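Below you'll find a set of structures to go through.
In the two assemblies presented below, chain A is common to both, partnered first by chain B and then by chain C.
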Partner chain A sequence: MGKIKVATGILQGCFGCHIAILDLHEELLDILSSMEIVRSPINDVKDVPEVDVGLLDGSVSNMDNENVAKIFREKSEKIVAFGTCACLGGVPGLRNLFDLQSVLNRGYIETESTVDGKIPSSDEIPKLLPYVKALHQVIDVDYKLPGCPPTPQRIKEFFVSLLNGREPVLPKKNLCHECLRQHKEMYVPKREFITDSVHSITELEHIDETLCFLEQGVLCMGPATREGCDSRCIKGNTPCRGCMGPTDDAMEQGAKMINALATILPAGGLMFLEDVVGVGYRYSMPVSIIPHVMEGK
Partner chain B sequence: MNRKITIEPVTKIEGHGKVTVFLDDKGEVSDAHFHVTEFRGFEKFCEGRMFWDMPVITTRICGICPVSHHLASAKACDDLLGIEIPPAAKKLRELMHMGQFIHSHSLHFFFLAAPDFVMGYNSDPLKRSVIGILEKDPDLARKAIKLRKIGQTIIDKVGGRPIHPVTAIPGGMSKPLSHEDRFNLKNMTKDAIALSSLSVEIAEKILESAPISDLGDIKTAHMGLVKNGNLELYDGRLRMIDENGKIMEEFNTGDYLDYIGEHVEDYSWLKFPFYKKKGWPGGVYRVAPISRLNVADRISTPLASAKMKSITDRRPLQANMYYHYARTIELLYAAERAFELLSDDEIVSRDVRVRVDRKEGGSEGIGVIEAPRGTLIHHYWTEDSKISKVNIIVATAHNNKAMDLSVAGVANAYIHKGAVNEGILNKIEMAIRCYDPCLSCSTHAIGKMPLKVDIVSRDGTILKQMRKD
Partner chain C sequence: MNIGLFLSKVDGSVSKVIDLKQVATHFAGLPLIKIYDNLLSTSAQKEIAEEIRRNNIEGVILAGQSPLFYKKVRNADKIFDILRKAGINSNKIAVVNLKEQVALPHRSNSEEATKKAKVLIEVALEKVRMSKRVEHVGVSPKKHVLIIGSTTGGLFAGQRLAEKGFHIFYLNESLKELQGEEKELLRPTLAYLRNNDNVRFIESSINDFYGYPGNFRVQLANGEKVRAGAIILSIQKDLGYTAKLYPFLRLEKDEEGYFKNLFSDTATVETAQPGIFMIPHADDMSLSSIISLADSANTAVNKLLDHGDIQHELFVSEVDKEVCGGCGTCIKTCIFRAAELDPVTKLSSTNFKRCVGCGNCVSACPTGARDQVSATTKYLISAIKILSSYSSGNSPKILFIACEGCGYPSLDYAGKIGVEYTSNLLPLSVRCAGRIDTQLILEAFNYGFDGVAICKCHDDHCLNIVGNLDLDRRANLFREVIRSRGIEPERLRIFGTTECEGGYCVENAMKFIEYLKGL
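Take a look at the complex of A and B:
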């Protein structure tokens, strides 16, 4: 079997997904023995050759990003939305909560250190789209590999599937399924609710390293989030913030979370939730219905 | 006829940065612009978030140096709460930061810069990558991979994840370091010191053999953190020196707005910080490795200190070629400092946080840190614990004007009377790479950096096209 040809590209992202590939360290060398990266992200458009797999990370936020995505689609047999920004829009998608003009005004005019500001407008820099989009909102996507960034192990499994001609599969259950924390009360049938308010971990006297965060009164996105991240944040003794995105059966990650919370909080408990949108939809704003609601038109 | 030359080191497929060189009527270089084509709007969309979430939102600004944003953000939160974190938490955060310097500096030096030197400037671009080094000198390539892995492992064990860490929280750290992790990391760090020393030796050879005058060298002021005069990456005060090395200012990081302003140009989404007292563009200054070695009086760790002394008489370092040497000295410092921190028994203390309450009413906090690419500033305002305003100055921004000037400097040496020497492509790429701008660095890691030059008349006709694949 010949080497499969891969092209990788970055739209608007932080480069973390590409660093995650490098974090395979020595193992990357093994993978490269059966896979050829024929185009790195920085090659000239005209030179993108026909490839078996086009891997794109980052969200689509300006007109250049859109063009690149379309060129990749043309040249690639299979397109992979690589990482959460490409799959769901990611953190930069939070921009969709604001209209573009106010975002630009803040960046280039209002910021306290800016002197005599103006909004850059040269043709040399690409025009921003009014809303940040996920990759599948611009081109057809064959595979999705979420994670901010995906773990090197998951990237490896993904590549190995491709190399063996298997369809890559994503884990289907939620993060609670792989989380090793204990539950003391949650699954015990009883009338009392588990917690009476929602805290930040910084407010806890002691952050229990073994007890479910929800049982400690801390909002954890685990119930609404796809597993497969090795629950790294939770092992770091901080709650999940949902970077793997929702499971297949949940359309809206934030709504799913509120639904889950409703079963463990008292009737008025949800009012203690601050910044529901910024937590529940931190990674999936561009694929949710929220911005359209806010637009109100 | 005025002409414009467009160079796209990061071409349209990427869309993150490109260069335009402007020629005057006589065909001589009049100006150069390094365009940053990326804008995401963190300063707006963080409004409305809870302040304690900021350290895990702002990491997403950069996947190469997320630790810097994580820590600058956590420091800004501590500041707005008006609290001191326990000493062990400070040490753990600094250790995480040293892990990042080991990862980021070795990524830059071995994966991006070294291929040029090891493989030769004019070698096959496909081979001019870490993969090429692997074929030519597999032992060196494996050492490079090992060194970067040590850095990422430190971040992973202390920060919870190697990319976008989570453990620095307002009030300290979410978890202590286990004895087992401490033991393993300490052993690894010994290797890191040896590998970093090797890096310095390689950089020394490069410095001795390379022509250092044609990389668009410029003379500017410099800025960086110092602590009691020592090189400092996590804490301390900001010091600014003029182009002759004289100290102009030394101030508390919380006063940065009195000294630093940001200018906006039409041609870049990245702003241009400047020293306010000298105004724009006279107040241009640089940050990152050579600047930090210029502003510091000394380095506190023995091996890095000895290396710094060897170049003390050449300070202030101005030539871009010194960036690589300075970067490896910092790499060595980071490895030595990590070892020091891991040798301190307090590093495994269980006392790693103070409980903090919400912040009712209005508050404001500033967190400043030296990221691998220079000074990073996070400034938050809150209303009842919700972020109301955010101002962030990222490291690469401070060097924005300097990159323009460097590119113009290179172009000056290669373009005369409208005739463009093909060698310019390589040199512009190298001049930009000296600054290790965050926006492009990781993309070079597993590939090459082709350049495209369009020579365009004012009416838009392409007179000549040059490319390096």
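Take a look at the complex of A and C:
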């Protein structure tokens, strides 16, 4: 059997997910023995040849992204939404909190350092879509591999599954399942909040590396976030920001986190974070129940 | 699934407003549709059972009277026994309130009423289709009765039960020596009770309470554990004591804050909680009234406990172990301590003896691993979508989410007292305000509702103790999310009814619609 042919492409993203492939280091060579990357931004081939697997990194934000996505769909047997932006819309999706005109005005005219700004317009520049979308909202997607970026280990497992003819599956549970920190208060069947106050991590002198962040009054998105990132941030003593997105059985991350927090942490303390929306929807705005501002409400 | 739709004219009160023939034609695809003058007539009840068997019906929709009617009118609930005997699972039965929530309030607009009736029946169809069968557990009833409060009524009821061979536990915070006339009257009864080995008087208070009718478990402050098949509440009017008992017994309270019976005229000794009975107390009550209430309570307890086996339906919250990650949110949320950590798997599980099925943990669960047997999240979303299909022309359309405790009865009450309101208020019943996952509110706006009104119990009247509080907390955090989508946060309005059965909610909903028109 010949090698599996793979093409990768970048939409609106930061290339971080591509870099994560390279982060496999020598292990990449093992995979490449049965897989050939025939097209990627790294080898700078412009056209997309017919491939077995097409990997797209980034969200769909402009007409070029949309076009590239459609070409990939046409040329690929299987399409993989690769990374959080492709799966959930990611950080670029936060622009959905504003209508397009406001975004352009802010970016090109209203920024404090801009003098005589003007919104660029040319046939050469792809037009921005009114709102940012996740890949599956534009083309049919066969597999999703979320993570900002996905861990090299996950990427490897994903390819190994494909190469062995197994369906790659996403974990279904939340991050608390793989998080190794201890729960104490969270398991006490009492209605009192687990802490008296809420802190931002920067104001804490000491963060216990073994105890649940929430139990230290630090907001952690872990409960409303899919596992599968190897709890990298947690291991680095930083709370989860939710890049893996919601679990399959929750409809969205933001509302679910609010529902949960209402009975865990003192709400007044939470408000102090002052950014319920940014925290709840940092990575998943375009796949949330109301994926962008509604006009006329 | 074969679903049978039974439409009731309710002796003309529904059929003179709603064109039931048109409704029947609309649902002609169903295997069985019948229109009766009244579903509770002798002939209708007989025929319904036969038709179900003949057509292999697995799910039933009763469209006519309010679900509350079947609780309130004595023996009206027997129709559910008939359905169950015919093989229908309780979770495959839906009641559509065509009378109180459509025909009466929209009596001047037959066309809209008929249209709305169709939409509400669609919702019920969805519920029956999407619900799984509820499971049962058999409880062999304990022949023990806990009587809280040795008042005159309680003593008389206990004496009768003791004679029948029941073990009786009297629970009082402290026992007072009887005085004067009362002492004269009760002396022989007390002598009988005190000299009976099966009767005990305990001075203590309740620390923990859970279980089913037939087998309640009561942990007392003095360390004793009492098991009782039934409870009789026979306390004097005492707000302090009522407040202490409330979190355990979860009985409805009247406007003044005292426990109240299920219905003052038709279900005098029954309460909203099966297996808990009460002898209502009033200062000016005649002795003969007290004795007859005591006898009613005695009969009710006998009826309940005189079975070899009581079937208890597990309308609880379930956990999908494939999804639960063991974060503990539900454990913190459940006031009934029904959410537990499985010590081996470190995942959450439900203690069915404690779970009251309110659904607060289902809202709280950040993974969606928990779901409510009586109304799954998928059903509620589907219901919102169907309700949103009702077109109200140019006027704003609101989703009116009503909790079973206060919101729903309020809406019924408004219909009953003749309040007419516009048909652009689309009701969705939920078990408790705590069940309102904020995702549902987003879905409502997403499907095109102009506003969401939530009608819930007043502060300390929530039958699930903290459901309304948790809704408020969630809503406070949530408004910012609505605002971020360009939706005016005022489009979500939450009313707590001051009087649980007043027309207050509808009045507010109409003001809300007026407000939305102005936006």
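Please note the rule applied: the second predicted complex is superposed on the first by the 270 of 297 C-alpha atoms of A that agree within 3 Å, B and C clash if a C-alpha of one lies under 4 Å from a C-alpha of the other, contacts with A are read in each partner's own complex, and residues count from 1 in each chain.
What we mean here is this: a contact is a pair of C-beta atoms (placed from the backbone, for glycine too) under 8 Å apart; a residue touches a chain by one contact, two chains touch by 3 or more.
As the structure is a prediction and not an experimental result, all values here were calculated from the model.
*Asks:* Label the relationship between chain B and chain C on chain A in the superposed model as either fit or clash.
*Replies:* fit
*Asks:* In this superposed model, does chain C or chain B come into contact with more residues of chain A?
*Replies:* Of chain B and chain C, B contacts more residues of chain A.
*Asks:* Classify the contacts of A:89 with the two partner chains as first (chain B alone), second (chain C alone), both, or neither.
*Replies:* After superposing on A, A:89 lies clear of both chain B and chain C.
*Asks:* Quick check on the superposed pair: does A:289 touch chain B, chain C, both, or neither? Answer first, second, both or neither.
*Replies:* Second partner only.
*Asks:* Scan A:256 for contacts with chain B and chain C and give back first, second, both or neither.
*Replies:* Only chain C is touched by A:256; chain B is not.
*Asks:* With the two complexes overlaid on chain A, check the angle at chain A between chain B and chain C, Cα centres, nearest 10°.
*Replies:* Between the chain B and chain C centres, as viewed from chain A, the angle is 160 degrees.
*Asks:* Does the superposition put A:97 against chain B (first), chain C (second), both, or neither?
*Replies:* It touches chain B and chain C both.
*Asks:* First (chain B), second (chain C), both or neither: which does A:276 touch?
*Replies:* The second partner, chain C, only.
*Asks:* Per the contact definition in the header, classify A:172: touching chain B only (first), chain C only (second), both, or neither.
*Replies:* In the superposed model, A:172 contacts chain C only, not chain B.
*Asks:* In the superposed arrangement, which partner chain does A:121 touch: chain B (first), chain C (second), both, or neither?
*Replies:* After superposing on A, A:121 lies in contact with chain B but is clear of chain C.
*Asks:* Looking at A:217 after the superposition, I want to know if it touches chain B, chain C, both of them or none. Which is it: first, second, both, neither?
*Replies:* neither
*Asks:* After the superposition, what is the least C-alpha distance between chain B and chain C in whole angstrom?
*Replies:* 10
*Asks:* Do any residues of chain A touch both chain B and chain C, and if so, which are they?
*Replies:* 97, 277
*Asks:* For chain B, which residues are in contact with chain A within the complex?
*Replies:* Contacts found on chain B: 8-16, 18, 20, 33, 35-41, 43-50, 52-53, 56-57, 60-64, 66, 107, 111, 131, 134, 142, 145-146, 148-149, 152, 159-167, 169-171, 174-175, 256-257, 260-269, 271, 273, 276, 280, 353, 355-358, 379, 385-386, 389, 391, 393, 438, 440-450, 452, 467, 469.
*Asks:* Can you tell me which positions in chain A touch chain C when the two form their complex?
*Replies:* Against chain C, chain A makes touches at 97, 172-178, 183, 185-191, 194, 222-224, 227, 246-252, 254-264, 267, 270-271, 276-277, 280-281, 288-290, 292-295, 297.
*Asks:* Going by the contact rule at the top, pick out the chain A residues touching chain B in the complex.
*Replies:* 8-23, 25-26, 29, 32, 37, 39-45, 47-48, 61-62, 64-65, 67-68, 71, 90-92, 94-95, 97-98, 102-104, 106-108, 111-122, 124-126, 128, 148-149, 200-205, 207, 209, 232-233, 235-238, 241, 243, 274-275, 277-279, 282
*Asks:* Please name which positions on chain C make contact with chain A in the complex.
*Replies:* Chain C residues touching chain A: 320, 322-329, 331-335, 337, 339-341, 360, 363-369, 381, 437-439, 441-443, 445-446, 450, 466, 470, 473-474, 476-478, 480-481, 484-488, 491.
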